[in-house]
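Naming follows writing order (A, B, C and D), and every chain is counted from residue 1.
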Amino acid sequence: MILLWLIVLLLAGGLLAWIAQRWHPSAPRWIALFTVLSSLLLTMLLWVNDGASPTDTAWLIRLEQPWIPQWGVGFSLALDGLSLLLLLLTFFLGLLAVLISWREIQHKVGFFHFNLLWVLAGISGVFLAMDLFLFYFFWEVMLIPMYFLIGIWGHEKKRYAAYKFFLFTQASGLLMLLAILGLYFIHGNQTGTYTFNYFELLNTTLAPVAARWLMFGFLAAFLVKLPVVPFHSWLPDAHSQAPTAGSVILAGLLLKTGAYGLLRFVLPLFPTATVEFAPWAMLLGVIGILYGAILAYSQTDLKRLVAYTSVSHMGFVILGVFAFNEWALQGVVMQMIAHGLSTGALFILAGFLYERLHTRDMNKMGGFWTTAPKMGVMALVFVMASLGLPGLGNFIAEFLTLVGAWQANNWLTVFATIGLVLATAYSLRIMQKVFLERNLKQQVLPDLTFREMLIAAPMVVLMLWLGLYPQPVLDLAQPAIKQQLQAYTPAVPAVTSPAPQTAFYPPATDSTYFQKMKGETYEFK
Amino acid sequence: MAELLWLIPALPFAGALLLVLLGSRLPRALVTTIGVGSVGISAAVTLLLGIEYLSESPAFYHQVVWNWFNVAGFSPSVAFHLDALSMVFIFVITFVGFLIHVYSTEYMAHDPDYARFFACMNLFVGSMLVLVMADNLLLLYLGWEGVGLCSYLLIGFWYKEKANGYAARKAFIITRVGDTAMAIGLFMLFQTFGTLHIQTISTEAVQVWDTDARMAVIIAFLLLGGAVGKSGQLPLQTWLPDAMAGPTPVSALIHAATMVTAGVYLIARMHVIFELAPGAMMAVAVIGAITLLLAGCAALTQYDLKRVLAYSTISQIGYMFLALGVGAWSAGVFHFMIHAFFKALLFLCAGAIILALHHEQDMRRMGGLQKKLPIVFWTFLIGAASLAAVPLVSAGFYSKDQILWLQLAGENGNIWLYLAGLLGAFITSIYTFRMVFLTFYGESKTHVGHQPTMAIKLPLIILAVLSLVGGFIELPHNFGHVVLFSDFLSPILPTISVVPDFNRYEWMLQLLAAVVSLSGIFIAYLIYLKKPDLRASLHRSETAMAVHRFWHSGWGFDKLYDTLLVRPYVFLAKVNKDDVIDSFYTFLTRLAEAFHDLFSDSQTGLVRNYVMGIVVGAIMILTITIFL
Amino acid sequence: MEATFYIAGAVAVIATLLVVMSYNLIHALLYLVVSFLAVAVVFFTLGAPFMAALEIIIYAGAIVVLIIFVIMMLNLTYEDVQQEKSWLKPSVWIGPAILSLVLLAELVYLVVAVEAPGTVSVSVEAAAVGMALYGPYMLGVQLCGILLMAGIVGAYHLGRQKKKIVHRFLERRAAS
Amino acid sequence: MSSIPMEAGLLLAGILFVIGMVSVMIRRNVIFMLISVEIMLNAAGLAFIVAGSHWAQPDGQIMFIFILTMAAAEVSVGLALILQLYHHLKTLDSDAANFMKG
């Protein structure tokens, strides 16, 4: 029940914030702040109470309520370690989003916070829903307020960006709806019970062709959201045009719903089809890593640059998801969290700068270290996190992902690793252009205020924590990941077995060689 | 004492953290205390541990601080492993580091970013210590990247100059290329062994692989890639000369004495893998040989004092690689230690000169400093002697001679490698004394402003003494036969087997090396001091000047990479700034808009036309009904 | 009866053509009345005398009179007739005419091609119409009532001369 | 009662309808258009009557009554609209009212 209350709390808080604007102009801010804070505390409470005592299944809490029984739609929510982590991330970033908008948003404050809280509610719903109909419902709930956030409070090309964002996600979401319905009917035909329940649908046996098409339906939504390279072009526009809070939520959370969907739905529902598709998916991931990095390097708009780094980083996610082993998946989960923090932080930084300079053009910046050393140090940490410096969370994520991906596909991993070099190039470009060199324009740049330190400092601490002692996070995610991988347990040896005849595998001699080596290793253990 | 192991890296980290958090608010004296003190205490702990280690002589000390993470059996710890090899490194890092910190208090005294400087320096020392004390490769990688970061921060310390930032970025990115190769090596090691624990890998590797096993060779090459990047060896050496943009103490500590030798450490640490991969070993030696020659030639032509030293560093690390490549592990590490002493000394002297001459680095504008900066002169001379391997008195002679000797005497030795080393030694002594003569002799060209005080003099003197006597702990067997150093390392690093009955030639080779070294000095004396005409005639010759320019630009590597990699990449990025893929979607929108215009035009606003439309529709429907 | 039908039909067609072709509105309306009367005759021949009466009363009477009233209100002049002439150029009407002829040909084809359905036989009494109207078509009648009501209200509302109520779209146009 | 062929009645209705339609298309004067619409409606009613007579059912005549009612309502509203249009545009030209142009 507590899961339901989490969502209801956010929805109600949103409505209240909207109404509250009539009473006092800053009432919505406080209401939103308290709503998100209480959600965060509630989730932390969940972690402390239930996270520590894992039951025999990976699920910590489940809620099943009939909703539209005629169609087999249930209001079913469930929480496992993965969801819990993402919820924590959601509310943490949500809190920062409220704080960051304190000054930035000055008109339609109530409606802004309404949208903000409803996006958060939609995201939490997506992370919790265990009924595909409900999942789709929340998927849409998260989309529309986001459209308003971009479209109303965005920068100069806000309408263009908002439409683009909406069309991309909506079109792909409809494909997912088709796939959901397809799955629903196939399952119904087989068993006679028509239901959208995730746990029931897991038992569907699918013909290979059907499985492939349904998987593509789901992939469409998730790959666009993630985003994977040919479908990424909504992201730079949406990210750069959204208000800071919107960018933080987009980059930190909305992208993660795509990754979450891959983990939660695509992997367990279509085990054989995904294995077939894996080399291509990994290839897409690698292309994303490299292509995003190249594009990021050339941008002069700070927010756009950061947006393209997201494309690059999300490439690691898909690379890891389709490696089908625990290292990679743990890496993916870490990447979701660490990227949420680091990219969120970079957007916040861009927001700080925008607030002071009213520009996002890096050619007009430079030499800010002198005037704003605190901001410089913060930026340095964020930038280093983004380029994957060991000791910060992203490194653990990327390293685990690559270790896992290496087991699945050598050459693609090599190229993905090259992405790290390119990441260095674009990340350092931020430092160089914004904080180093000479302050030619003589801009006066006040250093971070107390409120801003309050926002930035926890992110630095969390990044360091994730980088130096990620074990609690990994422990929390582990049962959930094992569960997602259940369908692959027989398939795991196939990872190192002689490769299927695909161009992306190394020559057969190589893989047999590796297999031999691996066999021998086990002897010595 | 062993439980204090964690303190050694933790102290500098703590210092860095304190300085980052409070640095700008603390008074300078306190910043100095924290910055220098943390490294000082660390050095003291090292000393204590070292004494205990020597007296107890255990195989190693090991301390798990905490378990970093554990994923499906991949469980690296934050754990420190101290054996003889690490001992040598941490000794050099903490002591040389401490001396350089002391020196910096004066060198950086008037810099507004005093606290930031010490924060970075402390961070560097901490990372470097983690690198050499890590018990697994992932933690080593942490230190590895950490020093890269500090190097970036310190090269770009004077960030207001665009060029400095560029050099810093260049350093970070180029070393990261090597790191990427190393990371792939780590993936492969993990796939084979299921762990990255160094000791486990070392013991198991020999069981898993035969000599020349394919995996071992690939991994060794990948690790070599990492080492090459960090140590400024061919083909990733181009960042190091530019790295001289940082403050001189930084150049001394990071880009001469410690960080750049991380590659040497890595190869020595993973020697088991390299021994299983003779091809990779050969590559190490060849890379070392080529690098030492190329860098030596480039050093001959530089005018910037620090750039000469930078190229000489590349060259000297080439010697270390040469040693490692033929399996002379302890010789390589020995040269590392000696090199750390004399190169730090040379850099610090250069720093003192630069400080005295108001940040003048061009040797053509120096001269005659012999009288004006006597302490610096003498210490510099000692360092130069060590670098040029002046026989008998200098430590550099003993370390370098050992390497050269083992090129022939060692099992994997090779006459070509030896000749390359010998030629390198010749070039080394030329450019070293070119430096000495240009700087300290001749007439004075720039006014001396700042006279070094105690904080500068003391480190210089200590390092000078070490550069002189450091060599005596390892003497060739026909000459004293002291083997303290190689004995110390023998439990960790296998001793090289020497071709029997070769010993009788040793004195000949030593003599040869001595003659080469001295003749190099003599030539430098001739050209740069005695016969300026000779130099002038060289300057007149077209070919000589062409070669000069070519060498001056570091054999054109910068230009090569620029045209081959950087420009195409930047071009690609610039061309594609607006994302080709996006244009596909833009095309879709255009298409929709075109249709919109089309249909919108059909709406004329005239009722007649609408009626006409209805009629046409009716006709169509009727026609269909009739004909179908 | 047959001859009456054909003659009345011919009159109706000719009168309607004249309606379409005349430039003067009043003339056109007069022809229109003729056309309606002729159609009323046709109704009579078809055995629907009540409908014929309605046709005369409502079409030829009420509707045409209504239009005449409006024309009077608009105060049309000779210029309007000239304008009407200028609007009716062959280039304007030739296309629609051809289209309509095609449509007519198709209609004829459809009517003729179908198996001959025979002739009109029985006359339907007005009483039967009334029975059906207030029997099964009750709902239709009520709907008609509502429609007329709406027509009245609409006509009243639209016909009011409140100058200042301008549709905002038109207003903006006028402003620009 | 008589032997009027049904085709003849339907053809008459068709011809009247098409004439009205042509007129709607070619006329620019709104009142003429309204008149033409009346002609078309009348033609449609005629067709109903013909069919109703043929089957000897009252339904055709009922439809005519409905059409009649509708025509009356339409004409009243239409004329009111014409008045408004004339007041705004000072013309009866339907082409002048082309604000819906895309």
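The rule is short, and it goes like this: a contact is a pair of C-beta atoms (placed from the backbone, for glycine too) under 8 Å apart; a residue touches a chain by one contact, two chains touch by 3 or more.
Predicted model, so just to flag it, every value in this text is computed and none were measured.
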| item | value |
| --- | --- |
| Chain pair with the higher count of C-beta pairs in contact (B-D, A-B) | A-B |
| Where subunit A and subunit B are represented by their mean Cα positions, the distance between them in whole Å | 37 |
| Where subunit A and subunit D are represented by their mean Cα positions, the distance between them in whole Å | 64 |
| Where subunit A and subunit C are represented by their mean Cα positions, the distance between them in whole Å | 67 |
| Euclidean distance of C-alpha centroids - subunit B vs subunit D, Å | 95 |
| Subunit D: positions in contact with at least two other chains | 21, 25-28, 99 |
| Multi-partner residues of subunit A (at least 2 other chains) | none |
| Numbers and ranges of subunit C residues touching at least 2 other chains | 96, 99-100, 103, 107 |
| Chain pairs that touch, as defined at the top of this document | A-B, B-C, B-D, C-D |
| Touching residues on subunit B, where the partner in the complex is subunit D | 599-608, 611-612, 615 |
| Subunit C residues touching subunit D - in the complex, by the definition given at the top | 1-2, 5-6, 9, 12-13, 16-17, 19-20, 25, 28-29, 32, 35-36, 39, 42-43, 45-48, 50-51, 54-55, 58-59, 62-63, 66-67, 70-71, 73-74, 80, 84, 87-88, 92-93, 96-97, 99-101, 103-104, 107-108, 111-112, 116-124, 128-129, 131-133, 137, 140, 144, 147-148, 150-152, 154-159, 161, 163, 166, 169-170, 173 |
| Parts of subunit D lying in touch with subunit C, wherever the complex brings them together | 1-12, 14-23, 25-29, 31-32, 34-36, 38-39, 42, 45-46, 49-50, 52-54, 56-62, 64-66, 68-77, 79-84, 86-88, 92-93, 99 |
| Of all residues in subunit B, those that touch subunit C in their complex | 608, 612, 615-616, 618-619, 622-623, 625-626 |
| Subunit A - residues contacting subunit B, complex | 164, 229-230, 232-233, 236, 294-295, 297-299, 325-327, 330, 367, 369-370, 373, 377, 380, 384, 389-391, 395-396, 399-400, 402-403, 406-407, 413-414, 417-418, 420-421, 424-425, 428-429, 432, 435-438, 468-471, 474, 478, 513-514, 517-518, 520-521, 524-525 |
